[in-house]
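After the structure tokens below, expect a handful of questions from me.
Chain lettering (A, B, C and D) follows the sequence in which the chains are written, and residue indices restart at 1 in each chain.
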Amino acid sequence: MTDLFKTDRLETLLPQLEAFFWEEIAPLEKDFLSQPFNQVAQKCEALREKAKEKGLWGLHLSEKQGGLGLSLVEFGQLSELLGQSPLGHYVFNCQAPDIGNMELLAHAGTEVQKEQFLQPLLEGKIRSCFAMTEPQFAGSNPVHMATKAEKKGEHYIINGHKWFTTAADGATFSIVMAITHPEAPKHQRASMIIVPTDTAGFVLVRNIPIMGEEGEGYMSHAEIKYENCQVPQSYLIGEEGQGFALAQQRLGPGRIHHCMRWIGICERAFAMMCQRAVSRELSPETSLADKQVIQHWIAEARANINAARLMVLDTARQIDLYGARAAKDAISSIKFFVSDILMKTLDRAIQVHGALGITDDTILSFWYRHERGARIYDGADEVHKSALARSVLKQYR
Amino acid sequence: MTDLFKTDRLETLLPQLEAFFWEEIAPLEKDFLSQPFNQVAQKCEALREKAKEKGLWGLHLSEKQGGLGLSLVEFGQLSELLGQSPLGHYVFNCQAPDIGNMELLAHAGTEVQKEQFLQPLLEGKIRSCFAMTEPQFAGSNPVHMATKAEKKGEHYIINGHKWFTTAADGATFSIVMAITHPEAPKHQRASMIIVPTDTAGFVLVRNIPIMGEEGEGYMSHAEIKYENCQVPQSYLIGEEGQGFALAQQRLGPGRIHHCMRWIGICERAFAMMCQRAVSRELSPETSLADKQVIQHWIAEARANINAARLMVLDTARQIDLYGARAAKDAISSIKFFVSDILMKTLDRAIQVHGALGITDDTILSFWYRHERGARIYDGADEVHKSALARSVLKQYR
Amino acid sequence: MTDLFKTDRLETLLPQLEAFFWEEIAPLEKDFLSQPFNQVAQKCEALREKAKEKGLWGLHLSEKQGGLGLSLVEFGQLSELLGQSPLGHYVFNCQAPDIGNMELLAHAGTEVQKEQFLQPLLEGKIRSCFAMTEPQFAGSNPVHMATKAEKKGEHYIINGHKWFTTAADGATFSIVMAITHPEAPKHQRASMIIVPTDTAGFVLVRNIPIMGEEGEGYMSHAEIKYENCQVPQSYLIGEEGQGFALAQQRLGPGRIHHCMRWIGICERAFAMMCQRAVSRELSPETSLADKQVIQHWIAEARANINAARLMVLDTARQIDLYGARAAKDAISSIKFFVSDILMKTLDRAIQVHGALGITDDTILSFWYRHERGARIYDGADEVHKSALARSVLKQYR
Amino acid sequence: MTDLFKTDRLETLLPQLEAFFWEEIAPLEKDFLSQPFNQVAQKCEALREKAKEKGLWGLHLSEKQGGLGLSLVEFGQLSELLGQSPLGHYVFNCQAPDIGNMELLAHAGTEVQKEQFLQPLLEGKIRSCFAMTEPQFAGSNPVHMATKAEKKGEHYIINGHKWFTTAADGATFSIVMAITHPEAPKHQRASMIIVPTDTAGFVLVRNIPIMGEEGEGYMSHAEIKYENCQVPQSYLIGEEGQGFALAQQRLGPGRIHHCMRWIGICERAFAMMCQRAVSRELSPETSLADKQVIQHWIAEARANINAARLMVLDTARQIDLYGARAAKDAISSIKFFVSDILMKTLDRAIQVHGALGITDDTILSFWYRHERGARIYDGADEVHKSALARSVLKQYR
């Protein structure tokens, strides 16, 4: 571990957050593993109030937004802590996709949109979702989609079929990517439009069963049909045709949020792997920790996670200093570099746990299943590798 | 693919079984993915009757047992076909752990045991389970256990705590490894005893939730307490103190059964990966199949699976010719060699499917979750690697 | 190891060849590691006579050619033995590129060519080379070349620049790929022409220093300029425009010859790794063989090499039965599958040897350097992977 | 790449050094690849004078020693530049093993030793070597050795057999690890003694041929016998029995020097890989850079090297702030983390170069051969992994 990115504020804040995390959030893990999510979510609501009381609210928000005004480097180090529980970010209201939607609305929303949609989101009173992926189109080509928004009077009429709309179940509104200008150049065809989920024609077909679980509420990914959904034109975010550009802006920092959280998962899996190694007897005289192969897995995991953290926090630093666009190669790098380390670390932590590792008696199997998507969502790793390479190779032509 | 191990019998039998498989079993996959297992199991029962009618019953049984009297090499090639569905082996009554128990009772059971327990098992009228692993002891040390069977009059009184007793839910009897001679040399302490599941004190604590699913019936893994379970001494299999030796005999061929099935899973995942690659458009002109990285995954998977098959069938051949003991190094080799290829193949098949790959809309995510145990059960891969190495190194000392 | 491909002839022949190999060839390794090659080559010549006396000559030749008339499967198992020394194939006159040239001339040469060039080659009286690769063109596109042969009277005038012409130094003739029909369809432009190395204008620019060594004689790879080389038109092999087709025919089996040899290298490296593990003390009580990580390397190498052998011999079997064209996917598979295992095995054998492993005191470092090309020559692994994938994917379209 | 560790001094110094490197040192690479080292060494001597004139001398030295007084973090970034040529460190007199000997003598040498041995070393007037490894003892157990130094009058009489004494050929003195107290606890048996190479009985048996090359002068690794070498007791460094402790002190920072240099090699290989990819035509329309697999290699290499650099420079920072002992886990981590990335990067750079990559026409094959030792020397990677794991696991017991 490194103290390279420590700041004075963190010096104070991190221990407070650690105490809160281990005393309040970590103990909910058992419930999380055995109860329907909405039941656990209620306990999280209560913790949100406690967090507010302790002045820990708004880790990701500017002071103007009522938050702590931390840099991304600082937030990244707190985010790593929160990532050690599947509930950490949720309790602190900085969970995806809401955190991305907050950033998006803060940056490109109208004042009315901010008041109506952003403010309650910031306060954790409502949840939201983001509708981009469509089952018929490869996610690796983000300008390839069929959902349309056509103008009719003062409204948009939206028709389309989306899936993997995370956390749609129970959300108050969705931000929908839809084609408004089919004749425009490829990257200027789509727009982003807010669609409240109680709009007629917003049909949540199902929470998609993923790796054996449908989930519910925040912890779900929906398939949704938009059937003649009618919303006022004032629900457009930014300008028409800007959908792709806004999505890029939204996803850039979004990716680093995932990476920060993954470091947390890695650290937790690592700690569990070490604890298991020292406590699992092979015979009265020896434990797993005496096995050279286990030792090497631990050493490799330690080095890998350290490298992943440095990469992520250095990227956060670059975003803080130079903006997400300037840091795009760094962002692509961590997307595939960290997701790979994440899955390897989880895999080995499971192996060290033996049969216990594949049960739901520990959190490892949840992450093994639900973070397999890490190498797919927000741009498959393969897409980021090609993007990075093309950017690098430009300098050599 | 190779025709190296084809035989005349297979020439006739394989096409018949293929027809049955694709017409009768494969279509149940959709139900399997969306319904509780016991509901699907009923449909499988009906198929068993059909299989009997068609003369396809007893793929793994000797003619004396009413089966087809195939060699292991022949059975292996059929088993690969069956492995392409999670229901294949079940329909043909050659699923673990029952197939292992059949082999065990046929080899070491008394006539009475054969009549009472083996015969209905062969006929597919009952199911059974095998209780070895204990939560408090590392599976890598099979002589390390706490379950005890003490003699009292003409009975054994069994006390202990087991888990990962596959398919205990709904089984008629369990074969339990228990210490009968705590003072004997390590490998002669345990015995194998049949415990009917309706014995007082047989407490099925829970079907262990594994990778998000408790499962039910055959498709489950139970935690079981044996609380003063009393069974007649005639339920002893073989002789007292032979438990470890019998377990070795049972597990040797058992491992190859898994490997044969894994080849089937690999082939199915491979076919799905190829179908997805050619059918998934990236743009109107290109599909995933045009991507060089996808091509290389396909080529590597093809070569790996071919290698795995050759290794498994050559091992089966050695067992047929020289017996399982002589083939023990080959068996250890395939245990870790094939499980590794299995998990890599599934992982890449999922990645080629993108978001769809992590849903339960295809069978891939089921296997990704439930075959993760392949590297752990029947001896963790690490244990087999060390065993193989020690055997090899003996020749160099 | 497997006895799957044993035959009666092998039963007799292999022990004879083993005796010869370990008594006569293996002891030359020390000289090979410390003396210029041409010095060692003389000792090999003497061994050729001994081999002839013992009736071991012509392992790769038909009876008609004065050889033993072995199948490719049989030869493969002998070839594996010979591969355990860098001199094995050379002593038995079945070294690349001569073995490929023998096959080519036997198949497509005229009677005069056979008498003049093939016969002395079969007898081991001369050596030959094969000139295809050009420095300015990527080897992955074999129809992309600049060397030209223009007709003038009864001759061809050849101009061009080739490199990686293996064993040109000291060869009697070269078989040169040259464009004779620049306007023809891509695959029909080139022809194969015999160019004696004493032809005026045949300029051996240098033996290319490869991995620190220029080498000499057979053990070298030359850069060659063809400057108005004039040869009679009767030196054309086959027909004009057939060059590419003949090269494909020549390379198909050629690739399996490399793979067979690589298995031999793997086995030797494996044996050295095991010997080192048991003999290298870490302390008076422990040796490297007690280290779990070393054990796992040994187990993984054992399984990998077994798999590689099965893949190679099954491919040989397919070629024997169905011809090289029908086996082309199998040939592509082993090209990349075995070269990868080869390099991994050598790498780990070196690591087990520690500092000794990188010295020239053992043969490992020679192979580590000179077999790195295995993943490049005869079609880079990447080319074979794409070829295999395209062939496989055709079945799914 | 990151600007995370930039400093004001570097802002000025790095461009100066870059200019010097690319104008003066890089052009010598061609000579290095084709001439005996001692010939090239003379040209390096001339460059040393130029460097001194430009005020670039003493990059690794304190101001007191006549150097620039840079921090290790600063030096690390310069060292990375120098590492891009096999001559970079040599020109600046900060090559191993001399840099380690300078550190050692500066820290533990007597005033007389400093005057006699350190001063000319600092000035680049002489070279030195360090004799630890013995052929009969595994390097992984550094307290296991046979070389003895026995007192006789005012002298030590040294007898022993060492190898892998880097750069002994032409060195003025060797620092020899020898047992002086065979009866002491294991870690207190050895002492470090200076042995001038013109001492009677100092027998340089051979420059060990490594990966095909004996080398000469600085660029060699010798096998040496010490046969009754007699040196004054004043040549003892530190105190008797401190040999192991001093070696630890010497090797800790020594390892980071290698890692810094490896980053330079990685960057150079990366640049070559990119240049080759864009310039190598596959057909008139496409180049290697268009191949997705090549792109992914480039992306993975970019991310890996970035991670390696962050790890190394963060370790340097820790050593600057807290000392090498406190940073020992970080040092172990980078030893195996970076050496692995180094070898992977070189391997892929070679593959992208095709046949050219294995020739000595580029520097890649030199590094491929001579850095294979990176995973062995200064503690095999396996030793560092176990050391790191044990250190980590302590916290969990």
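Going forward, contacts are C-beta pairs under 8 Å (C-beta built on N, C-alpha and C of every residue); 3 or more make two chains touch, one makes a residue touch a chain.
Since we're looking at a predicted model, the values are computed, not measured.
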Of all other chains, the one whose Cα centre sits farthest from chain B: D
Contact-richer chain pair (by C-beta pairs counted) among A-C and A-D: A-D
Where chain A and chain B are represented by their mean Cα positions, the distance between them in whole Å: 38
Whole-Å gap between the CA centroids of chain A and chain D: 43
Inter-centroid spacing, chain C versus chain A (mean Cα positions, whole Å): 53
Where chain B touches two or more other chains, by residue: 291-293, 296, 382
Chain D residues within the chain C interface of the complex: 133, 135, 137-141, 144, 163-164, 208-213, 280-283, 288, 291, 293, 350-351, 354-361, 365-366, 368-369, 372-373, 375-377, 380, 382
Partner chain C, residues of chain A touching it in the complex: 291-293, 296
Residues of chain C touching chain B in the complex: 2, 4, 271, 274-275, 277-278, 289, 292, 294-296, 298-300, 302-304, 306-308, 310-311, 314, 317-318, 329-330, 332-334, 336-337, 382, 384-386, 388-390, 392-393, 395-397
